[in-house]
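Encoded as structure tokens, here's the structure I'll be asking about.
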Amino acid sequence: MTSLAVTQGIKLAVKNDDQPATRVKVGDLVVGGETVIVMAGPCTVETDEQLMETAREVKEAGAHILRGGAFKPRTLPYSFQGLGEEGLKLLSRARDETGLPIVTEVMSPEDVELVEAYTDILQIGTRNMQNFPLLKRVGRASKPVLLKRGMSATIYEWLGCAEYILSEGNPDVILCERGIRSFNDVTRNTLDISAVPIIKQVSRLPIIVDPSHGTGIRSLVAPMTKAGVAAGADGALVEVHCDPDHALCDGAQSLRPWEFRALMGELEPLARAVGKRLS
Amino acid sequence: MTSLAVTQGIKLAVKNDDQPATRVKVGDLVVGGETVIVMAGPCTVETDEQLMETAREVKEAGAHILRGGAFKPRTLPYSFQGLGEEGLKLLSRARDETGLPIVTEVMSPEDVELVEAYTDILQIGTRNMQNFPLLKRVGRASKPVLLKRGMSATIYEWLGCAEYILSEGNPDVILCERGIRSFNDVTRNTLDISAVPIIKQVSRLPIIVDPSHGTGIRSLVAPMTKAGVAAGADGALVEVHCDPDHALCDGAQSLRPWEFRALMGELEPLARAVGKRLS
Amino acid sequence: MTSLAVTQGIKLAVKNDDQPATRVKVGDLVVGGETVIVMAGPCTVETDEQLMETAREVKEAGAHILRGGAFKPRTLPYSFQGLGEEGLKLLSRARDETGLPIVTEVMSPEDVELVEAYTDILQIGTRNMQNFPLLKRVGRASKPVLLKRGMSATIYEWLGCAEYILSEGNPDVILCERGIRSFNDVTRNTLDISAVPIIKQVSRLPIIVDPSHGTGIRSLVAPMTKAGVAAGADGALVEVHCDPDHALCDGAQSLRPWEFRALMGELEPLARAVGKRLS
Amino acid sequence: MTSLAVTQGIKLAVKNDDQPATRVKVGDLVVGGETVIVMAGPCTVETDEQLMETAREVKEAGAHILRGGAFKPRTLPYSFQGLGEEGLKLLSRARDETGLPIVTEVMSPEDVELVEAYTDILQIGTRNMQNFPLLKRVGRASKPVLLKRGMSATIYEWLGCAEYILSEGNPDVILCERGIRSFNDVTRNTLDISAVPIIKQVSRLPIIVDPSHGTGIRSLVAPMTKAGVAAGADGALVEVHCDPDHALCDGAQSLRPWEFRALMGELEPLARAVGKRLS
């Protein structure tokens, strides 16, 4: 497993005896420690009500961090592209109200300063994993970075991207496995759970799973979250929407609040079974 | 999740309200019940000593069923093709000594009668998933069939193959996810854990995972077994070898006996965390 | 390109200086020579009229060999499985009438003797590429074998299967690239044209392409046939049906007779442009 | 082939009866017309001598456009990242000397103005296919855009990216198929030749192939270029290096000048065989 092909030339993202595993601090939370960190919320920030209701629900259910998109990468230019700064302000209000730190995506180097002013974690999406100018820019930011795996990236390429961020001086990178492209035609992507133990064995960085994009199907989110945690993931990124049937984006893979509560209940004993805890 | 594309035309392998989930009986064991069933043993039956020692070890560690190949599908005709009937006899002796039922592969319709005489479960390998004459033949056998997923088979194609067996009269089919082909270059295959909850949601049949072929890397076997069980798998098929460094086949993915014991110890609380048990 | 990984352990299927490239004789035809050989006909033999009409059409258009399935591997057991021996008899009649040699699939070792009695080329389908007992059996047959690539087979695995046939004594193997599984969702498979020059560079065996299964879409068959020939293929296997809208199988990818004639007309100058000829 | 899934919501990149196919003018050249346009040159601009020598060679061999990278997306931050503006100046000098227009990559919105000042065609690389801020920016540029397909992009996603550029007002988009990720382990990527006729059938935009990145292997470049042209491609992007053994990047897939001349000689009759010409 310490195959050279995986880490050749990688200096900062690799596991080594001299330096401890990276523990990313987000407020009072630690990603990469004994607690399984759950980031939950809507795919997209749509309205004040939608966000606040969903934020309260996930907070109550035990989520640690609130997710929500203000800048949205969409396949077509004609689709809703997110609320932009208005969305960031709503996220900020939701944090004030619930106390949950925020994670949201940034898509362009020139937006980093703006997004950084509002968010607690900067998310790099799967389409931008190898957007090197963007990686370098968030490498100079003062907030942790959640780096999603490219949809057909090898482990080596992914670690190379983490290296771009780390080598610019930002030590706080959280990796996120979000599903890869395969021939499978039932799921939207194939969540590559094996990436979790591989990263744990070769890298210092924490890793979480995104079972929502990883499957695209609501009924698979809970079992795949559990699979990720059992395999050693430090957390999960889960889409929850107060009214998924009317979501502007990704409704089919968003959990309803009661489904998310049920999942949190099931995660608790599972986390303990692998020597961790949920809260 | 009850997408028509997955089960269109599938009559017997589908889940429905009229009929209970299939519970496959193997001696006193039930695959598809509350117990997580672990099948363990060497990739290939090599010698009497190798098999007996490995069999005793896995029995002691808590395995429920002994696996071992007598007829081996190999990429080249010049590679060791297995001991054939001699291997079956050794497996039979190992069962007598340990009390563990046996699962072993059959590759040809004309060998079914022979293999059936020795084994408790007939295994159809990934390369033969769509060998329809073979499927029809084991569909007329009196032993349960372990049907591995083809290495690039869709869920629909896989269920179609189960249907070939069921429609010939054999109701006892156990599905086994063993990894799919993807662009990933670290692992031998990509173990598609999402197949577990998909099958659980659309099919009556039990499903287990094969983390050994699914990863090809020893250090990934334990975490991926746990991922499979957390996702709802009814068991696992794990390669264990008393001396993997000298194995004739698949040594790099075989657990050493002490590693297998450690895995069994870790599986116990995990099984309980998902409402099952290991023994 | 003489990468060891591709041919390691392959003895008979490799290109070497001591032995000339394999030229497979089928009656007066040579596959692997200066003529681009076109095998055309329906996916499945359905009726006497359907086969005879299609056979006459493809003969007139310049096809060299008639294809047609009598034993059909189908995803579900409830689908039409082919006419069996009756289909073989019809193929034989079509040969008598048109003078075209026949290629048809055999799915089971026990059927080889029967199919061999009727056909000129034994086809091994993609699902059976690694059905090793079947490969060994056709390796002892007296007719050439058309070996389709498995739908997720590496070049190495494919050559390994050719080796199974060659090592049993049958020197006449024709490889057929028929499309691989990928994430592409427009085409049925992804026709891997690069397999053609790879095989030409590492192997002695002739190779043809199957643009019909390789794309699954009628309008792509002609351009992909031309791509294959331009890349160096020794021929093509093309589905043609006299009435594709009412075909029992694969109608959407079958050319109508006039489309096939047009393709043959376009192939002629293309074959000459790469130093070959069509007739 | 006019499957809704491929073009749903695509307005400007689709083929329709009202508007002719897009012909992109680059100086006196037309991409998308009767001439097969060959863009050739080194992966990376390294030195004045390397570029000038290679430029003269490809010009003499009949290439139409000079390619060369000044800004290089590299897997690791420690690899040579290109000469930047210095590289653009060298490219400009090579154009002055040979008369060949230039195509070079731009990786960041903020670099577009700079690169545009030097180049004739702006290249968007595979890693940036869905870098939407970059796409929008080049959509406001005054030079044509060469849009490479993402390494695991569907046809629909690719057309969606073209749409981002077109909808900002730039009508001149050239698509470039450069190979997709698959399980294949011989080639660097799998050049999806079927993308060529699909694009021709559903889109107005011209399409070329990149057999160098598409295979990663020098000996496959010529046959795959020919395959692309036979399938209907409007041109090819070919890596040529005056001394590939000492190239800083991609030497193994770069043609030597004499190999490129041979390829141009073989392309000539092939282009004519499909109703086009090379010069």
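Note that the chains take the letters A, B, C and D in the order they are written out, and that residue 1 is the start of every chain.
Assume a contact is a pair of C-beta atoms (placed from the backbone, for glycine too) under 8 Å apart; a residue touches a chain by one contact, two chains touch by 3 or more.
This one's a predicted model, so the numbers in the text were calculated from it and none came from an experiment.
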- Query: Where centres are the averaged C-alpha coordinates, which chain has the largest centre distance to chain C?
  - Reply: A
- Item | Same or different residue numbers at the chain A/chain B copy interface, by half rule | same
- Compute the distance, rounded to whole Å, between the mean C-alpha positions of chain A and chain B. 34
- Taking each chain's centre as the mean of its CA atoms, chain B sits from chain D at a distance in Å of 47
- Query: In chain D, which residues are in touch with two or more of the other chains?
  - Reply: 152, 156, 181-183, 185
- Query: Which positions of chain A touch chain C when the two form their complex?
  - Reply: 152, 181-183, 185
- Where on chain C does chain B make contact in their complex? 9-11, 73-79, 107-111, 127-128, 130-133, 136, 151-152, 156-157, 160, 163-164, 167, 181
- Of all residues in chain D, those that touch chain C in their complex: 1, 3, 5-6, 152, 154-156, 180-187, 190-194, 196-198, 200-201, 214-215, 217-220, 223-224, 226-232, 266, 269-270, 272-274
